[in-house]
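For reference, the structure is listed below as C-alpha cells.
Chain lettering (A, B, C and D) follows the sequence in which the chains are written, and residue indices restart at 1 in each chain.
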Amino acid sequence: MREKLHTIIFEADTKAGKLFDVILLWAILISIVVVMLESVVSISEAYNSEIKIIEWSFTFLFTLEYIARIIAVKKPLKYIFSFYGIIDLLSILPTFLGLFISGTHSLSVIRSIRLLRIFRILKLARYVSAAQTLNQALIASKNKIIVFLFAVMSLVIVLGTLMYLIETPEAGFTSIPRSIYWTIVTLTTVGYGDIAPQTVLGQTLASIIMIIGYAIIAVPTGIVGAEYAKSNTSTISTQACPNCSREGHDDDSEFCKFCGGKL
Amino acid sequence: MREKLHTIIFEADTKAGKLFDVILLWAILISIVVVMLESVVSISEAYNSEIKIIEWSFTFLFTLEYIARIIAVKKPLKYIFSFYGIIDLLSILPTFLGLFISGTHSLSVIRSIRLLRIFRILKLARYVSAAQTLNQALIASKNKIIVFLFAVMSLVIVLGTLMYLIETPEAGFTSIPRSIYWTIVTLTTVGYGDIAPQTVLGQTLASIIMIIGYAIIAVPTGIVGAEYAKSNTSTISTQACPNCSREGHDDDSEFCKFCGGKL
Amino acid sequence: MREKLHTIIFEADTKAGKLFDVILLWAILISIVVVMLESVVSISEAYNSEIKIIEWSFTFLFTLEYIARIIAVKKPLKYIFSFYGIIDLLSILPTFLGLFISGTHSLSVIRSIRLLRIFRILKLARYVSAAQTLNQALIASKNKIIVFLFAVMSLVIVLGTLMYLIETPEAGFTSIPRSIYWTIVTLTTVGYGDIAPQTVLGQTLASIIMIIGYAIIAVPTGIVGAEYAKSNTSTISTQACPNCSREGHDDDSEFCKFCGGKL
Amino acid sequence: MREKLHTIIFEADTKAGKLFDVILLWAILISIVVVMLESVVSISEAYNSEIKIIEWSFTFLFTLEYIARIIAVKKPLKYIFSFYGIIDLLSILPTFLGLFISGTHSLSVIRSIRLLRIFRILKLARYVSAAQTLNQALIASKNKIIVFLFAVMSLVIVLGTLMYLIETPEAGFTSIPRSIYWTIVTLTTVGYGDIAPQTVLGQTLASIIMIIGYAIIAVPTGIVGAEYAKSNTSTISTQACPNCSREGHDDDSEFCKFCGGKL
C-alpha cells in the first residue's frame, strides 16, 4: 500500500505517477495565478469570495498531498527536512497563518519553487544531464564568483562614497547607502534614472563607472563560460583505450581513435 | 512552362531568378515602410489616398506572386502549409481583412519576416553555413535554455512577491503581477524607472536582484558560447570512414571510432 | 629632404618621428577638448575670442601638417584618398566651412578618429597583433553578424507593431516607428523609460521581449568569442613536424611534441 | 617578540593569527557601516554622539594596529609604501583630517578595500589560485582592452557630436560633453532616461547606437573569455621537462617541445 503510494507520488515512471505529477503542476500553476490575481485590488474586490474558496480548496488539496507524502516515505523526518519537504510545507503554511496575521498570505507564491518538480516529469536523461552540467559549471566557478563579488563590493563602496562627496543631495545623492545603491544600479547597467548625476564631475565619474561596468560584465561571463566549456568536455571523455591506454575519446566512440583497438 | 516559373520564383541561380528576388525584396521593404508611415497620424492624414493606392498595389502584386507560387510548385498544399507559405499568405491577408475589421491593417508588417528570403539571394555557401551553425548551436542548447527559463521564472515570482510585501503601493508596487513585471525589468538590466523602490529594505533587495541579474546573464552566454564553439569544431571534421561511411570524427583521428577501420 | 620629412611624419622609429607623433596626439586631444568646450553655452560666451584664436591656431597647424604630408609622400594622390588622408582633410575642413555655414564647426571633432594614430607610437608588436587578432575575429564573424542583424530586424518590426496594436497612444506608442524604437530600447536592455507599457497585456509582452533580449545577447557574444578563440589559436599553430608531419605545435615549440624531431 | 607579532598580524596559519584576522575583518565591516549610517541625515542627528564615539574608537584601534604592523616588520618602509600599507594609512587619515577639514570624514570608507584581506583568512590554495587565474586573464588581455577602449572613445566622441547636431537643447542635448555623456549612457545599455532623443532622426541614430552597443559588448567578453579559457588550460600542464626543466607543455605532449627530451 505505502509502496504503491510512493510510486504514484514520488516517481514518474508509471502512468499513474506521471498523471499525478502533471495534475500537481497544473494545480500549482493555477494556485499561483490565483494568489497573484488576489493582490490586484480591482479583482480581489470584485471576486473576493470566489478567490477565497479557490485558495482554500488548493490549500486543502496541498495539505492532503503533504500528509500523503509523509505517509508514503519510510523515513518521514528525512523527507520533512529535505529541500522539497520544506518547500512543500512553506507553500501551505502562509494560508493558515493568514487566519491570524494579515499580509502573510501572499507568501504562498513560494509554491512556485515547487514548479521545479517539472524535472521529474521531464525525467529524460538529456534534461537531467543539462541541469547537472549547468549546476556543475556553477559549483566549479563558485570560488571565482565569491572572489569577484568581494572585489565588486569594495569597488561599489568606494565609488558610491566618491559620488556622495561629488554630487549634491538635490540630485538624489542624500546619503552614502543611497549613493551605493545608485552605483550598483549604474554598474549593472540597469539605470533607473530616479537618481542621476547633475554636475559635470559627477557625470564624468558616472561615465567611468559605466565603462567599468561594461568591462566587468565580461568577467562572470568568462568564468562561467570557460567552466561550462570545461565541464561540458569532461563529461564526454572518461574511458581510456585498453590497448594503447590513451584517453580523450567521444562518448559514442566504439573503437580507439589512435590505435583502432576495441574500447 | 511551370518549371520555368519555378526556376524564376523559387531559385536564385539564374539571372532572371536573382532579378525576381531582388525586386521582391525591395517591394517588401518599401511596402513595410509605407505601412509604418501610415501609422504616423500626421503623415496618414496628409497623404491618405496616396498611401491607400500604394498599399493596394503592393497587396495586388503580392497576391499575384502568391498565386504564381502555388502554380509553380508540383505539390501546392505542401507549399501552402510550409513556413514561408504561411508567412506569404499572412502578409496579404491583413489588407483584405482591413476592409471588414479596422485596425488589423498594421498586421501586414508580418511581411517583414519575408525579408529573411534574402538568404536565397546571398545563396553563398558561407551565409548558409553561418545560419546553419547558429541554428545548430541554438537547437543543441535548447534543453539547457528551457531549464534556465524555468529556474528564472521561479526566482522572478518569489522575488517579485517579496518586493510587493516590502514596498508600498505609492512606489508603484500595487500588485504581485506588477511587482513581477518590475523584477523582470530589473533582472534583465532594462530598468525603465517607471517603478522604483523607495524604502531602504526595498533598495537593498533591488541591489541584490541586480547583482543576481548580473551573474545570471553569464549563464545563457556561457551555454550558447560553449555550444557554438562545439558546433564550430564539429564542422571541421568532414571526412567519412571509408569502411562504414559514418561521419563525425575528430581531426586528429587516425582510425574510425565506430568500426575501427583505418581512415 | 622629402625622405627625412617622411621619416619624421610617417614613422615613429626615430626620436624625431616619435616626438612629432606625441606632439601631434596632444594637439589633437587639446583641440577636441576646445571644440567640446565651445559647445557649452556658458563657456563659449565667457571665452569667445580665446576659443576662436586657439581653434584657428590648431586648424592652421593641422593644415600645415596636411600639406607636409602631401609633400612627404611619393604618391600624394594615394595618401589623399587613403583612410587617414580623408580623415586628416575632414578634420580641418569644418573650421573653414564654418566661415560660410554656421553649425558645421562642431564637426571638427571628427579629428578624434586621428587619435587612433596612437597605434604608431605604441608600434610594439604586441599592440599591433592585439588589434589584428581583434580585427580578424570581427571580420571572420562578419557574415554571422549580418545574419544575426537581419533576424533581429524582422523580430523588432513584428514585436514593435504588436506593441503598437496592444498599447494606447497615451503610453507613448503613438506610431509603429515609435513602437519599433521602444522595442529596440527594450531588447537591447537600455530601457530609457520615456515610453513604457501601461496595460497588463503590454507589460506581459514587454516582459517576454526582455527575456528574449536577455537570451539574444548571448548570440553575438558567442559568435565573436568563438571566432576570437579560434583566431587566437590559429595564429599559433601553422608549422608541421618535418619528421612525422603532425601539426598543432605551439609557436615557441622547437621540437615536435609527438615524435621529438627537430622542427 | 617581533617575530611573534609578525606571525599574529601578518599570517593566518596559527590559531591566534586567524583569530586576529577574523576580528579585524569584523571591525572593518562594522566601522564601514557606521561611516555609512553617519551620512544618513536622520540617523546622524539622532545618534550624533554615539556615532562619534564608535568612529573614534575604531580609528584608535586601527591606528594601534597600523603602529603594530610597522613594528612587526623588519623593513618598515617597504610595508609603508606597499599597496596594503598605503590603504591602511588612508583608512585612518580621514578621521584625523576631519578635525580640521569637514567633509573628508566619509573618505574613511576607503577602508573597505582592506576587506580584500579576506583572502588571507581563506588562504586556501583554491581561492588564491582562483584570484590568480582571474588576475592572469585580465593582465594577458590588458593590451586588447586598451585597444578596445581607444576605439570606443573615438566612436563615442563622433556619435555624441552627431547627436548634438541632430537633437535640440530641449531634449537635453545642450552641449557636446553632455551629448557624449548620453552616448556613453546609451552605448553601455544603462539608459537613465534623463536625456532622451525627441526627433525622428535622433531616435533612428539612437537605435543604431544601441545595436552597436549590443554588438560591442561581445568584444570584451570574447577577449576575457578566450584569455581566461587559455590561462585555464595552461594551468593544467604542470609537468616540467626532466631534461631542460622547462614548463608549459600541453597535456598530450610526449616529448619536450624545447629540447626534444622524453617527458
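Operating definition for what follows: a contact is a pair of C-beta atoms (placed from the backbone, for glycine too) under 8 Å apart; a residue touches a chain by one contact, two chains touch by 3 or more.
These numbers were taken from a predicted model, which means no experiment stands behind them.
Novice: Please tell me whether B-D or A-B has the greater number of C-beta pairs in contact.
Specialist: A-B
Novice: Just grab the chain with the largest centre-to-centre distance to subunit B, centres being mean Cα coordinates.
Specialist: D
Novice: Subunit A to subunit B: how many Å between their CA centres?
Specialist: 27
Novice: I'd like the Å distance between the centres of subunit B and subunit D, where a centre is the mean of that chain's Cα atoms.
Specialist: Between these chains, centre-to-centre, one finds 39 Å.
Novice: Residues of subunit B touching 2+ other chains?
Specialist: Within subunit B, residues 177, 180, 189-193, 217, 221, 223, 225, 229, 252 contact more than one other chain.
Novice: Hey, which residues of subunit B end up touching subunit A in the complex?
Specialist: For subunit B paired with subunit A, touching residues are 143-144, 146-148, 150-151, 153-154, 157-158, 161, 164-165, 174-177, 180, 186, 189-193, 196, 200, 203-204, 206-207, 210-211, 213-215, 217-219, 221-223, 225-226, 229-230, 248-250, 252-262.
Novice: Which of the residues in subunit D come into contact with subunit A in the complex?
Specialist: Those in contact with subunit A are residues 32, 35-37, 39-41, 103, 106-107, 109-110, 112-113, 115-116, 118-119, 126-127, 130-131, 133-134, 137-138, 145, 149, 152, 177-178, 180-181, 184-185, 188-194, 217, 220-221, 223-225, 227-229, 232, 252.
Novice: Which part of subunit D faces subunit B closely enough to touch in the complex?
Specialist: By the definition above, subunit D touches subunit B via 189-193, 221, 225.
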